[in-house]
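Same chain, two partners: chain A is paired with chain B first, then with chain C.
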Partner chain A sequence: MNALNPVCKLIGIFVPTLILAAVHHPILNISVFVICLLLLLMSRVRVKLLLLLFLPIILASIGMFFTGYHFQVESGAPVNADNWQMTGSAVWNGLTLSSRVLVYAGLGLLFALTTNKIDLIRSLQQQLHLPSIFAYGILAAWNIFPNLMEEYRKTRLAFRARGVYTSPVSPTLLKPMLVKAVLWSNALSIAMESKGFNGSVKRTEFYVIRVGWKDLLFPVVTIGGMVVFVF
Partner chain B sequence: MSKLAFQSVTFSFSESGKSNMIQDLSITFDSESITVITGPSGCGKSTFLNLAGGIYPQNAGVLHSGHISVNGQNLAELAPDQRAPMIGVMFQNPDLQFCMDTVENELLFCLGNVQTPPEKMPKIIQDALEFCGITHLKDRKLQSLSGGEKQKAMLACLVALDPEWLLLDEPFANVDEDSSAELVAKIEELHQKGKGILVVDHRLEYWLPVCDEICFLESNNDMNITRYKMEAISDEMLMEKGILPPSIPYKQKGDESIVKPVNPILEIKNLTVFRGKQQILNTINYTFERSKVYALLGTSGSGKSTLFGAINRLYNYQGKILLNGNDVKKRVIRKTGAIGFVTQNPQDQFVASTVLEEITIGLHRTKSLSETEPILRGIGLWGYRNFSPYMLSQGQQRRLGVASLMAYDCQVLICDEPTYAQDWKNTTAIMDSLVEEMMERGMTLIFSTHDRKLANDYADVILTLKEGELIECSKPSL
Partner chain C sequence: MVEQKWKLRDVVLMAVLGTVFAAVYLGVFYLGLGLQTALTPFGFAPFGFEIIYGVWFMAATIAAYIIRKPGAALITEVLAAVIELMMGNAGGVTLLLAGFIQGLGVELGFALFRYKRFNLFSMTVAGICAAVFIFIYELFYLQYYLLSPVLLTGQLMIRFLSAFIFAGLISKLTCDGLTKTGVLKSYSIGRGRVEIEVLQD
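On to the complex of A and B.
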């Protein structure tokens, strides 16, 4: 999965996600989730990381199962599920809801954990002709992102150093952080321009992201498989 | 020979042009000289450099008349990719210069901007990295680099872009002395290869041995520049212009034979800090005493900010930090704000909407306007009291940051680079008032700096961080 063209991977994962939104079938959901899990393991994603990421997802999934279990069509709850092809079975209803949580998380993580963000942006630029002003703007913002948590801590500390105690989610912290974000983006855009960046002219690229037959096959298989199963 | 010329330039930050920052300024620099522009903080040095680099008026301000040109080409008429082969700029803040993740990707980004053929890129990148001595950093994440390494990476970008002129805006403000000396040597080498060098800096010690002329920038109502060749520069003349010559100390030494009573206030026991997987501080044990001034030296990335961050619970740590015998992790200590902290970047500590509020907010002892006025006048910011702190210049922000913490009661005041981006006058004003307040209130002052002379002149104890360990140095060894 790591070697697949990012845009082909994006289409091959995004379109099935849309199809899944319209279908309520726990077997399909669980099958896709298991495939995602296998692909993640085959892509050498660390098992420890996977376990950590899936822990809250599984908890949410269990929560959704019991929601569906207790509030199915015949329970008398004000839920009209007739139009959504649900059966009256409480278990089936619970599984339908909980498996949706799993499958969306699985697909999302499959893409996020096997895609290099720089390659994705390059691929979006080269294959989908994303304007470079967006592409490099996203990258610049992305690379500033890890600093945000540290900035949040620093801002809390600044208040504390002045004897003003703020709660962890205090809106008071937002103002200095927003001002800083604006100043950062301004300084960063000036620095990018001073290095010759011009969003409206053609650039040269050293890394060319190619599209091979395996890359094209991926969306064909995923979208085709989904269509065959559904119809 | 390349020429960078300001011709009858009138510039302001407002459309009305009522208060022009620059009025009918004409000056020409040629690439045969290394020119250093200096002046008091807040006089407009960075504005001048941003105009010279074509960043203004394209990004801010209004050019009411005149133009700035390189070899006759008006910079305002050029797009960024056309400007890059003429002018390259190195900025003050090394954290906000990069948009990619690794050094190599940043260099590829630069070369892609100026439409360099892809087959030529590897050789250009290799040469640039070798020139700057950072081949080993090629695949490193930019975020993991120290301030000095980031500036070297930035220099590598400029070398790869190969502009006719290099403009440097206080490039060593966040860089240790060794890295600064290395960077100056590289810049001098580039000059010998024909690059024009224009530097804005208030610390001249690095530049005096290599520069050909110094321009003094003064701003009363509008900007005024006087230029001198190096032959005309003397220590007396520098001091007259408000610049501290490298050989002159910040202040005359006091009586060092006075022994202050030993009274521990802040105890650090077995402090170990990891950032990610990297161990930054290694089992530090040290006791800070009441009413003493401590200076903390160390190269960029040696862990000075990490140590301060740990004391302020910004980072998780192993070991104990005790204030008056109480663990700083205890909620009661956290809430009282007994440890004041002046951050390296003054913007990190602003909590109010105006300069005036910044002084008054959160004070335990109530201060009236009449009491805050002398504080703001003392740091030259009374006229800016209704401005947002973010609208001040870097130097002014630093002074406000220090003053706002001094107005607040605390037992230990930690200052991360309190004189960063300050000229001589403001450096001594900040340090003198810090020490005076400290003596008056019996608190302890701990400050980090890259300036050994400042540490020697103001500190009772000089500490250095080396390979994760805190070592007390005797002053004569510096």
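On to the complex of A and C.
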């Protein structure tokens, strides 16, 4: 999985996700989820990291199960005495909704954990012709991300020094962070332009992202498999 | 061409805003998960996210408010989704689609005012448009149509309120504060202002 072309992988995962959205099929959902897990393990993703990432998803999935179980479309009132009986359809409804959370997360993580981020942007630029001004804009922003986290820590400390307690996601933190963001993006764009970056001319690529037959095979297999299973 | 229209400065600002909000979204995602888990036994799990749903429109409304060009909201929201994808968000690939739809909603909100009015009202309308767009998408994508209409209406109402609070009120206040610091003087939003207050740091 790690060696596949990022854009081909993106398409090979994105289209099956859309197909899954169109059908109610808890068993298909769960089997695709299991395949994703197997592929993730084969791609040498650390098991501990996987468990950590799947913990919130399993919680969300359980949450959806109970929502689907209690609030079926047939029942008019939100909580209806009939729902408390173990009717097959209520359980099925819950399963459909909760397996969906699992399978989307499985597919999402399969892409996220096996793809090199920089290669993804390069591939978007080279294979899907994303304008270079956007490709390099994203790369620039991506690379200041560690500074941003550092700045976030500093901003919280600065507030605390003034006796203001801020929760980790407080809106108070937003303004100072945005001030930094605007200043940095100004400085970054000036720096890029002063180094000769020009989005409107054609450029050559130092890192060429290639598309081989295996890369093309992946979306064909995943989309084909999905279509065969569904229809 | 796109490259003629967008200056590098705008694009980098949109990408950096996208990065900031990708981080915010991740933090808020865990907050929502906490709320959701607390509500799970009652079957009210989806409400955990509804309360804070407006946060997901903030990147778009703030970008549109600062840059004030058609397309700024949409592009920022999509860039935020790309960065979220790069950060390894479990939402993964479908985030791109969700980001695109939300951005489109916000864009429609501002387009209703022909990109001439950027105030609390237009930002709220933009947020509500995004809420409607993403709700329709979720109805099919997450198959929420399997749930009872009463629950769905409740969800939508709370989402509207959340869009007003986050995408409208908090975004507006934050941007006004930002303008006062003077860092935006080279963007459209800051251009109208003559006096710039001295920063008291």
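Quick note on the criterion: the second predicted complex is superposed on the first by the 208 of 231 C-alpha atoms of A that agree within 3 Å, B and C clash if a C-alpha of one lies under 4 Å from a C-alpha of the other, contacts with A are read in each partner's own complex, and residues count from 1 in each chain.
What we mean here is this: a residue touches a chain if its C-beta (ideal position, glycine included) is under 8 Å from a C-beta of that chain, and two chains touch if they have at least 3 such contacts.
Note that this is a predicted model, so its numbers are computed, not measured.
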Task: First (chain B), second (chain C), both or neither touched by A:Ser99 - done: neither
TODO: Quick one: classify A:Ala181 as touching chain B (first), chain C (second), both or neither.
DONE: second
Open item on the list: For the three-chain arrangement built by superposition, which of chain B and chain C touches the greater number of chain A residues?
Closed with: C
- [ ] For A:Ala112, decide between first (touching chain B), second (touching chain C), both and neither.
- [x] second
TODO: Pick one for A:Tyr69: touches chain B only (first), chain C only (second), both, or neither.
DONE: second
- [ ] Scan A:Pro171 for contacts with chain B and chain C and give back first, second, both or neither.
- [x] second
TODO: Using the superposition on chain A described above, determine whether A:Ala140 touches chain B (first), chain C (second), both, or neither.
DONE: both
- [ ] Pick one for A:Asn29: touches chain B only (first), chain C only (second), both, or neither.
- [x] neither
- [ ] Name the contact category of A:Ser194: first (chain B only), second (chain C only), both, or neither.
- [x] first
TODO: Name the contact category of A:Leu59: first (chain B only), second (chain C only), both, or neither.
DONE: second
TODO: Identify the overlap between the chain B-contacting and the chain C-contacting residues of chain A.
DONE: 117, 140, 175, 179, 183-184, 186, 188-190, 192-193, 197, 200
- [ ] Would you tell me which residues of chain A are touching chain C in their complex?
- [x] 10, 13-14, 17, 21, 24, 53, 56-57, 59-60, 62-64, 66-79, 93, 96-97, 100, 104-105, 107-113, 117, 120-121, 131-134, 137-138, 140-142, 144-145, 148-149, 152, 168-169, 171, 174-175, 177-179, 181-186, 188-190, 192-193, 197, 199-200
Open item on the list: Quick check: in the complex, which residue numbers of chain B touch chain A?
Closed with: 50, 53, 55, 58-59, 79-81, 83-85, 87-89, 91, 93, 95-101, 105, 108-118, 121-122, 142-143, 157, 161, 312-314, 334-337, 339-341, 343, 347-351, 353, 361-364, 388, 390, 404-405, 408, 410
- [ ] Please name which positions on chain C make contact with chain A in the complex.
- [x] 1-4, 6-9, 11-20, 23-24, 27-28, 30-31, 33, 36-37, 39-46, 48, 62, 66, 75, 79, 82-83, 85-97, 140-143, 145-151, 170, 174, 177-178, 181, 183-184, 186
Task: Footprint of chain B on chain A - complex, ascending - done: 117-118, 136, 139-140, 143, 146-147, 151, 153-155, 157-165, 172, 175-176, 179-180, 183-184, 186-198, 200-208
